[in-house]
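Naming follows writing order (A, B and C), and every chain is counted from residue 1.
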Amino acid sequence: MTIRTEPMTVNVGPQHPSTHGVFRLRITFDGEEILEVEPVLGYLHRGSEKLAEERNYVQIVTLTDRLDYTSPMINNQAYCLAVEKLVGIEPPLRGKYLRTLAAELQRIASHLIAVGFFVQEMGAFGTPLMYAFRSRERILDLFEMLCGARITVSYMRPGGVFADTPPDFWPALARFMEDFRAEFSELEDLLLENEILLARTRGVGPLPPNVAINCSVSGPVLRASGVNWDWRKMEPYDAYDRVEFDVPIGTNWDNYDRFWVRMQEVRQSMRIIEQCVEQIEPGPVRVPDLPLVLRAEPGAEAYGRVEASKGELAFYLVSDGGISPYRCKIRSPSLINLTVTEHLLVGWTLADMIITLGSVDINMGEVDR
Amino acid sequence: MYGSAMAKGLLVTFKNLVRKPFTVQYPEERIKQHPRFRGEEFVWYEERCTGCASCAKYCPLGIIKIVTSPSETAPKEGDKYRLEVFDIDLQRCMFCGLCVEACPYDALFMGSGFEQGQYSRENMVITIDQLRQSNKHPSTWYRPQLETAGYVPNSGRPLGWREVGRESWRWHQGEKAGMRLTADEAEADSPTPDSEAPDSEAGSMGPEPAKGLADNLPENPA
Amino acid sequence: MFCGESILRDNPLFRVIYDGASYFLPCWLSYLVAGVVIMLILVNAVLLGAAAASWMERRLLGRFHNRIGPNRWGPFGTLQPIADLIKLLTKEDLIPAGADRIAFTLVPILMVSTMILMTAVIPFAKDTALADLNVGVLYFLAVSSLTAVALFMAGWSSDNRYALFGAARGVAVLISYEVPVVLSLLGVVMIAGSMSLGAIVHAQQVPFILVQPLAFFLFLAGMSAELNRTPFDVAEAESEIIGGYHTEYSGIKFALIQAAEFGGVLVVSALITTMFLGGWGGPFSEYLGWLWFLLKSILVVALFSWIRATYPRLRIDQIMGFCWKVMLPLSLINLTATTLEVFFLPENGTTMGEQWIMAGINLTLALVCVPLFGKLMREKARPGSSPAGARVVPGIPTIESS
């Protein structure tokens, strides 16, 4: 006699300890296996694109801080790149190096959050999370030294960065790099070969490369699916063509590879930071004599993209000659990466779903803007 | 060997057990903020402010309210406004510092603290009297002259209005309107060092930093 | 009547109260009074112990995380459990609308009472247990399996899908892990020759952790699963199903469930101390037996906390795989080896020399078997995720992941 079972629809609701923000999934389960997935977005929509039409080009920098709130420097960088393309200016060399430095520090901080919460959702009760956050605290302290705020940094301006580094920044950075090497090795010891972690993530949630490319996935998710694509190499911006670094590529396309790619990217970011510290020279950090209120040619458009910590972050700006853009479209990596939700989740269990979503590393500030 | 990585994990946790904690017992111990920290209380020098409301215009959230009326205080320089209302609404302020960035006269600075919580909504709006009376420990955010002088807000002494500005005649060379003094005029108009009355300054909007700035400020803490 | 034949008749405290009360009370009433006093002392001790265990776990976890645990209430935060209790007492006692009220309310009572009942047989000082049953081990295991019933009642009566998830997983885990746990304890019982916990402590010339290392490992892992502790805490997996079986519990009911959980950790640590670490044994055990017992139990509680701080959680099918494919064969191997040793050794393993011999054999066996089984258990990549050759664009440096 077969027992009749009924599939059950559950809301992994907007309030949930591990959905990376207010993200809602309606999942139909058969026992523990997922049959259907329907993501519901928009709980954090704040109208950033519309607000951008009401603010001038420098005020929008403060808006971009709040998009992906785990990596605001990179958001600033993407936006400033777009404005510079729109207006037709280029930051001086020291400004480029400082931007690269800040962006790589921010990439480390963002990946620390990704890795920390990835393991936290597996139930490690926060120990790796606490270690990751301890290192992130130091990075945020460096940001405070640099620009006065830890998260809503607004460090960059169209044309460079807003000011040069204070004199005690460089020794503090050197101290941080030294300590962080040891702390990160400790984190790797704890996590990279842990049998339980391997058992939970190896082979789970594989994303074949053709699906990844068809769904416009970008960032570590794409690289873990075996596709060698990093915008810092493909279309170098700022100082990325003057520094050497490698791009980690995954071969198994599963959760563990996405986690592994992020851990390796932190190591590569450390390399970039060291090279920036060596190569940077004194000089201006911002295009001089820029008006306080920028204007662009009417009808000008620009698409500025960067390799953010979560994927390809891009701003598409259209100007009508005024002090605000006519249209500011934000191409956020997390939203596009969510295209593959169904492919990644259907057929796996509830426990795997949490971890797979954690490995894709979405941030609702970006998704909903 | 299977399980060796798990044993390594246990060792890592054990090592951290015996390490000193990273956390700080607030409020008994506080971590010092860095000089560029964009703090909550704003530092405003009425002597330098002309009521131009650039800060209010540049604020992305529009939380600064400035109401001025014409005054007869400095007719030789083209007069300046008398400020009646200068409210900064802390409830919506995001402490981005764009107002400080916009101020052409170095009259507005970010503060250096963050403990401005109040118990009622009315108290969350900083009024002009509060701005006049607050402690003047300006943050060095977007004020390179303070940084070059090595000022540290939370351990330095309060700064007066003559010590905090750039030479306006150098800064405003590109400006077409407003206070514009050539180097000679600035020399001739140097004020007496002790006059602090807000309405009686004879039009000099900035001290002569050639002698005063670096000498009066505390040592660079490095 | 039954006055002189209760199981507590050897307990000196019981004797004192009974004799004292029987001067002016009838026999049965003084029996009742004495029993009630003992029971109150025990219940209070266990609940305070649960609170202390929760305090210790929070501070230890804080230090593992490189932060300080609770330290505001009382010196070193020792009054924190009291503060938590007061907070939970003042919360609204919600019962969901569709819930089965009787079952819902019974669950915390059931959990706490089984936990307290388990402490009855544990000898915490030299020859001092509340009731030294001659089937102590059996009693302990039987009472601890009532947790499965309570868990499922909690999940089912909550009228909440997440709770049902947690309960279903929890029951599966609990029932499966009974088997290797029981089998692993049989080795200890065989060497000691009796199921009474007092006799087991006496029989430990060499602490049984050395004589039966495999059994210790299996019992530790098995009881972690029974207590729903990481890495086996799928029943209350906080990040996946929010609260699992106790999602809908608030207020004093939740406090009692937490007390039952931490008390369970304490009681199981006490049992591990008794069975594997030599109980109250140590220098001056006449007078300081209770101290050694306390220290060893605290050490085992710290071990549970250490494991919790380090490892992520296993998935439910991996937990079941671990139980049936690794722990059960290992426990059978342990049982066979111990049986053979006890059978062939002339004194049946009761003297120190023989126990050392057994220790040597069993340690080698453990060191060989555990990695072997671990290798067999290693997760293979599931079909469908075949690692194809990475599509690498030539000329750009890459790092291949292994």
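The rule is short, and it goes like this: contacts are C-beta pairs under 8 Å (C-beta built on N, C-alpha and C of every residue); 3 or more make two chains touch, one makes a residue touch a chain.
None of the values given here were measured: they were computed from a predicted structure.
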Does the chain-touch network form a line, ring, star, complete graph or other? complete
Chain pair, A-C or A-B, that carries the greater number of C-beta contacts: A-C
Per the C-alpha centroid definition, the whole-Å distance linking chain B and chain C comes out as 59
How many angstrom lie between the CA centroids of chain A and chain C, rounded to a whole number? 43
Using mean CA coordinates as chain centres, what's the gap between chain A and chain B in Å? 32
Two or more partner chains touched - positions in chain C: 64-67, 309-311, 374, 378
Which residues belonging to chain A are in contact with no fewer than two other chains? 127, 131, 134, 190, 194-196
Would you mind listing the residues of chain B that make contact with two or more other chains? 2-3, 6, 9, 12-13, 16, 22
Could you pull out which chain A residues touch chain C in their complex? 8, 10, 16-18, 32, 119-127, 130-131, 134, 190, 194-200, 202-204, 206, 209, 226-228, 233, 246-254, 257, 260-261, 264, 349-352, 354
Which positions of chain B touch chain C when the two form their complex? 1-3, 6, 9-10, 12-14, 16-17, 19, 21-23, 25
The residues of chain A that touch chain B in their complex are 55, 58-59, 62-63, 127, 131, 134, 137, 141, 144-149, 152, 154, 162-163, 166-168, 186, 189-191, 193-196, 289, 292
Show me the residue ranges of chain B that touch chain A in the complex, using the header's touch definition. 2-3, 5-6, 8-9, 12-13, 15-16, 22, 33-38, 58, 60, 94-98, 101-102, 110, 139-142, 144, 147, 174, 220, 222
Which part of chain C faces chain A closely enough to touch in the complex? 61, 64-67, 161-162, 165, 230-231, 233-234, 237-242, 308-318, 374, 378-382, 384-385, 387-388, 390-393, 396-402
